[in-house]
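Think of it as A, B, C and D in the order they're written, each chain with its own count starting at 1.
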Amino acid sequence: MPGSPRPTDVMVSCMASLIRDGESVYHGLTSQLPLLAMAYAWRRLGRRFTWLSVSESYMPPPETVRVLPSSGGPYAEPYGAGVVTTMDVFDLAAQGRIDVMFFGAAQVDAQGNTNLTVIGSYERPRVKLPGGAATAYLFPLVRRIILWARHDRRTLVERVDFITGPGRVRVERGLETLLCTNKALIEFTREGPILRALHPGISVEEARAGAGFDLLVEGEPRVLEAPDAIGMAIIEEHDPHGLRYLQRYG
Amino acid sequence: MPGSPRPTDVMVSCMASLIRDGESVYHGLTSQLPLLAMAYAWRRLGRRFTWLSVSESYMPPPETVRVLPSSGGPYAEPYGAGVVTTMDVFDLAAQGRIDVMFFGAAQVDAQGNTNLTVIGSYERPRVKLPGGAATAYLFPLVRRIILWARHDRRTLVERVDFITGPGRVRVERGLETLLCTNKALIEFTREGPILRALHPGISVEEARAGAGFDLLVEGEPRVLEAPDAIGMAIIEEHDPHGLRYLQRYG
Amino acid sequence: MPVAAEKLVGLREAVELVEEGSTITVSGITFSRNPTALVAALIERGARGLGFVDREPGLALDLLVAAGVVSSVRAAMATLELYGLAPSVRRAVEEGRVGFLEDTCGAVIAGLRAGAYGLPFMPVAGVLGSQLVELHEREDTWRVIRDPFGGGEVVAVRAIRPDVALIHAHYCDPYGNCVIEGPRYEDELKIRASRLVIVSAEEIVDTDALRRLPHPLSSTSLHVDAVVHAPGGAWPTAMHGRYGADWGAIEEYARMAREGRALEWFSKHLRPRLSGWGW
Amino acid sequence: MPVAAEKLVGLREAVELVEEGSTITVSGITFSRNPTALVAALIERGARGLGFVDREPGLALDLLVAAGVVSSVRAAMATLELYGLAPSVRRAVEEGRVGFLEDTCGAVIAGLRAGAYGLPFMPVAGVLGSQLVELHEREDTWRVIRDPFGGGEVVAVRAIRPDVALIHAHYCDPYGNCVIEGPRYEDELKIRASRLVIVSAEEIVDTDALRRLPHPLSSTSLHVDAVVHAPGGAWPTAMHGRYGADWGAIEEYARMAREGRALEWFSKHLRPRLSGWGW
C-alpha cells in the first residue's frame, strides 16, 4: 500500500502538472523533486516531452529513473537514448528552444527574482549559499521556469538579498515563472505574484500569511490535486527510500 | 626498380626536410604533396611528429597512408589512432600550439603574401581561384608555414592580386615562411625573399629568372637532396599511380 | 516542438521543406560524406536561386551551381582537389551569374559556433592582415573590434545561421536522433546552427540501438525536422567505415563539368538512383 | 612539444607538476567522475593556497578547501546536493578564509570555450539582470558590451585558462590520448583550456586500442602533460559504466565535514587508497 501524499508529494504533482506535451524539459543538480515531477508527468499524467538532464542522459525510459542523493550522476537516469551534454542543452536554451527548467531558491521576491547566492551581503555573508548554478544564465532564456521553495516569510521575501535569478527580466519579457511551494502555486506576473492554487487544506489566509510579499488572488484559487494511490505508487517506485522528504518540505 | 626523382619528388623531400622532431604538423585539402612529405619525413628522414590532417585522422601509421584524388577523405589516412577534428586542431593553432602547416598558392609575392582567391579583381575575376581555405586564418598563427608553388613569373609575383594569406604579418612576427618550388627553396624574411637552396641542376640565375621579385642570395645556396632509390621506393609505395605528377610540377 | 513525432519522410517530402530564398549548408567536405541523395532531390525538384554556405565544399556545391539551384556562395574553398578548380562554380562566378563571398576556415567555424551556441557573434583568431577582412566588413559579416579586456584588435564574426542543413549520417532513429561516425568536420555545428535540419542516413534504427552509446549524439530530435532513409546517400563521395569515394564517377564528373555537361552527368548517374531512395 | 614521449608517471610525480599559486580545475560534477586520486595526492603532498575554477563541483572541492589546498574559488555552484551545502566551502567563505566568486553555468562554459578556442573572450547569452554581472565587472572577468552587429547588449566573458586540469578518464594511452565515456560535462573543454593537463585513467591502453574509434578523442598527446594509472580513481564519486557513487562514504563525508572533520575522513578513507595508486 502506498503512503498518503505529504506536502512534498503535492509539490511533485504540482510541478508535474506544469509540463505540457511536446515541450523540452531540463533538470539540474539537487533536483530530486523535479526528477520525480518529470517521471510523474510522463507516467501519471501521460505527458510526452523531451527529457533532458544535467546527468547528460537523454530520454531515459521514465520507469528506470531513480531518486539518488545526486540528481546529476550517471545512475539516476541510466538508460538514456544517448549522451546529450549540458552544453548542448544550454546552447538550445540560448536559441530559445528550451521550454521548461526547474530551479530551487533560498529566497524569492515579489518580482520573481531568486537568490541562491548569499544571505546577508556578498562581501560579508551570513550564510554562503551554494550558488545559482545555471539560474542567472537561464532566467532570461527559458520559456517557463518552475521554481520550488519553502512557503515561509524567510523564503518568500519582499526583496531578495541578492538577485541571482532576474525574475523581473522574465516578467517584463512575458516569460512564465511559476513557484510550487509546500502550500501553494504562485505565478509571477506584471501585476505581481498571483496565488494560482493551494495545497489541499491550505487557506488563502494561510498562504498569504506565509509570504513576505502581497499575494494577489483572482477569484477562488484552485485546489491542487494530491497524488492518488496510483500516483503515490509511482512516486514511491522512483523513491522507495523517501529521499524526497530529506529537504523537509513536509 | 623505383623511378628517377623528378622535380615533384624533390619538392616532396624538400618539404619533408623542413619538418622537425616533436612538432605538430597539419595538412589540408589538395595536399597530396604535403601528405607525401609527411610520410617521407617520417619514414625516410626518421622525423617523429604529431600527424594531424583535414581528414580528421590522427596519427595514422605512416606506412598506411595513400595518395588519392582527395587528401581529405577517410581512406587516405585510414588507420588513425582516433578522430581529431579540424576544429580541434585550429583551436590549438589559435593557442600557438601548431608548429607546421602547408599551403599551396596561385601567387606568392616578395613579402610572402599568398593569393588563392582571384586573378584579376575580386569583383571582376579573370580567374576565380578555389579560395584560401584556412590560409587567412592560420597565416598569423602557425609557427612555420611551408608553401609550395610553381617556380615561374606568373606565380612568383612582385605583388599578389589579392592578399589571401598575409605573409607580411608572419615576417613581422618572426614566424617562419618557406616556399618549396619546382626549382628552389625560398625563405621569406624581413630582409626579403632569400634563396636558401636549389633543386639539383638548377642555377641561381635560373631561379632568379623564374621569379617576379628579387631573390636574395647569401653565399652559395645549398643543393636540395633528391630522393634516393630508397626514398623513391617509399614515395612510390604511397603513390603507386603517380597522382603526384598530375599537378604538373615536373 | 513536437517530441516523439516521427519525422521519417520520403526524399521528395524532405526537400519540399526547403523554402524559396533559403540559404543551405551541406555535410562533409569535397569528396566525403556529401548529402548527395538530398542534393539530387533538390535538383530534381527544380529548386532555384538558393544561397549556400560551407567551409570546404566540393562535389555537392559544384553540382548545385551547375543545376542553377544555388546562386550565391560563401565558402573558404570550393575545389575538386586533384581534379582542379570546381568547374561549374568557377565558370558561374567568372560570368557573374553566381556571387561568391570567400571566407576562411577558422571564421566559418566561428560563425557556425555563434549560430549553434545562440550567440550574435564570435571572435576569431588569426585573419587580420588578409584582404578577406575588407570583403567581409563590406558585407557586414565580420567586424574588427577591440577585445573588451584590453588584448588588442580581433575579428568578430557574425553568427552563421543557415536556413537549411542537409546532412548525411551513419544512422538515425525516426525522431532525428542521429550518429555520425569518424570525421565530423563541422556537421554537428551545422545541425545546431541551422533553422531547418534534414538528415539522410545510411540506416534507420530504433532508438534502443542508441542507448548506452559512449559518445554524445550528433543530433537530437530537438534539432532535426525530417529524416530520410538513403543508403549509399553520399555516393559518389566517401562514407567513413562504409564505402570509399567512387573516383571513376568523380573523375567523369570533373571532366564533364569542365565541358559544361555537369547536368548530363547528373542525368546519367544520380537521377537513376533517386528511385532507389524512394523518390 | 614532444610527440611520442611517454607521459606515464606515478601519482606523486604527477601532482608535483602543480606549481605554487596555480589555479586548478577538476573533471566531473558534484558526485560524478571527480579526479579523487589526483586530489588525494595533492592533499597528501601538502599543496596550499591554490585557486579553483569549475562549473558545479562537489566532493573534490569541499575536500580541497577543507585541506587548505584551495584558497579561492570560482564556481557556479558548490553543493553536496541532498547532503546540503558544501560544508567546508561554506564555513571557509563565511569566515573569510576563502574567496568565492560566484559564476553561472553558461558563463563558465563561455569562458572555458574562449580558453579552449584560443580566444580572448566569448559572448554569453542570458545573464543580464543578475547581480552576478556587477561582481564580475568588478573582477574584470565579464564586461557588458554592445553586439558589433547591432543586436544590443551582451555579456562578454574573459577566457578562463586554468593553470592545471585534473581529469579522470575511462582510458588513456601512455602519450595522453584519452577517452571519456558517457557524460562529458565540460571536461573536454577543460583539457583544452588549461595550460597543464594531468589525466588519471581507469585503464592505460595501447594506442592501438584507440584506432577506429567512431568518436573524437577526448584529449590528444598535444593536450596532456602527464598520465597516471588510477583504477577506481574517482571513488567515492561515480564513474559512468564502471561504478556508482559510494553513498555510504559520501554521507559519512558530509556528516564529518559538517563537524569540521573532513580531514579525518580523508585519513580514514582516501589516504589508505593512495598506495594502491602507486603513491
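To be clear about the criterion, a residue touches a chain if its C-beta (ideal position, glycine included) is under 8 Å from a C-beta of that chain, and two chains touch if they have at least 3 such contacts.
Not measured: the values here are computed from a predicted model.
**Student:** Indicate the lowest number of steps between subunit A and subunit B, counting one step per move to a touching chain.
**Tutor:** Tracing touching chains, the least step count from subunit A to subunit B comes to 2.
**Student:** Looking at CA centres, what chain is most distant from subunit C?
**Tutor:** Ranked by distance of C-alpha centres from subunit C, the top chain is A.
**Student:** Roughly how far is subunit B from subunit D, centre to centre by C-alpha average, rounded to an integer in Å?
**Tutor:** Result: the chain centres lie 40 Å from each other.
**Student:** Compute the distance, rounded to whole Å, between the mean C-alpha positions of subunit C and subunit D.
**Tutor:** The computed centroid separation for subunit C versus subunit D comes out at 36 Å.
**Student:** Just the number, please: Cα centre separation of subunit A and subunit D in whole Å.
**Tutor:** So the centre of subunit A lies 28 Å away from the centre of subunit D.
**Student:** Where in subunit D do residues touch at least two different other chains?
**Tutor:** 117-119, 124-125, 179, 182, 184, 212, 214-216, 241
**Student:** Touching at least two other chains at once: which residues of subunit A meet that condition?
**Tutor:** 56, 83, 85, 93-94 - these are the residues of subunit A that touch more than one other chain.
**Student:** What kind of graph do the touching chains make: line, ring, star, complete, other?
**Tutor:** If you draw each chain as a dot and join those that touch, the picture is no line, ring, star or complete graph.
**Student:** Let me make sure I understand the interfaces: which chain pairs count as touching?
**Tutor:** A-C, A-D, B-C, B-D, C-D
**Student:** Can you tell me which positions in subunit C touch subunit A when the two form their complex?
**Tutor:** Checking each residue of subunit C against subunit A gives 1-4, 116-119, 173, 177, 179, 192, 207-208, 210-217, 220-222.
**Student:** Spell out the residues on subunit A that touch subunit C in their complex, using ranges where they run on.
**Tutor:** Checking each residue of subunit A against subunit C gives 21-24, 48-50, 56, 58-59, 79-85, 88, 91-97, 99.
**Student:** Which residues of subunit B touch subunit C in the complex?
**Tutor:** 29-30, 32, 54-57, 68-75, 83, 85-87, 90, 93-94, 116-117, 122, 124-141, 162-166, 168-169, 243, 246-247
**Student:** Across the complex, what residues on subunit D touch subunit A?
**Tutor:** On the subunit D side, the touching residues are 29-32, 55-56, 58, 75-79, 81-83, 85-86, 89-90, 93-94, 96, 100, 102-107, 109, 124-132, 135, 182-186, 189, 237-241, 244-245, 247, 250-251.
**Student:** Subunit D touches which residues of subunit C in the complex?
**Tutor:** Residues 113-114, 117-125, 140, 143, 145, 147-149, 151, 154, 156, 158, 179, 181-182, 184, 212, 214-216, 241.
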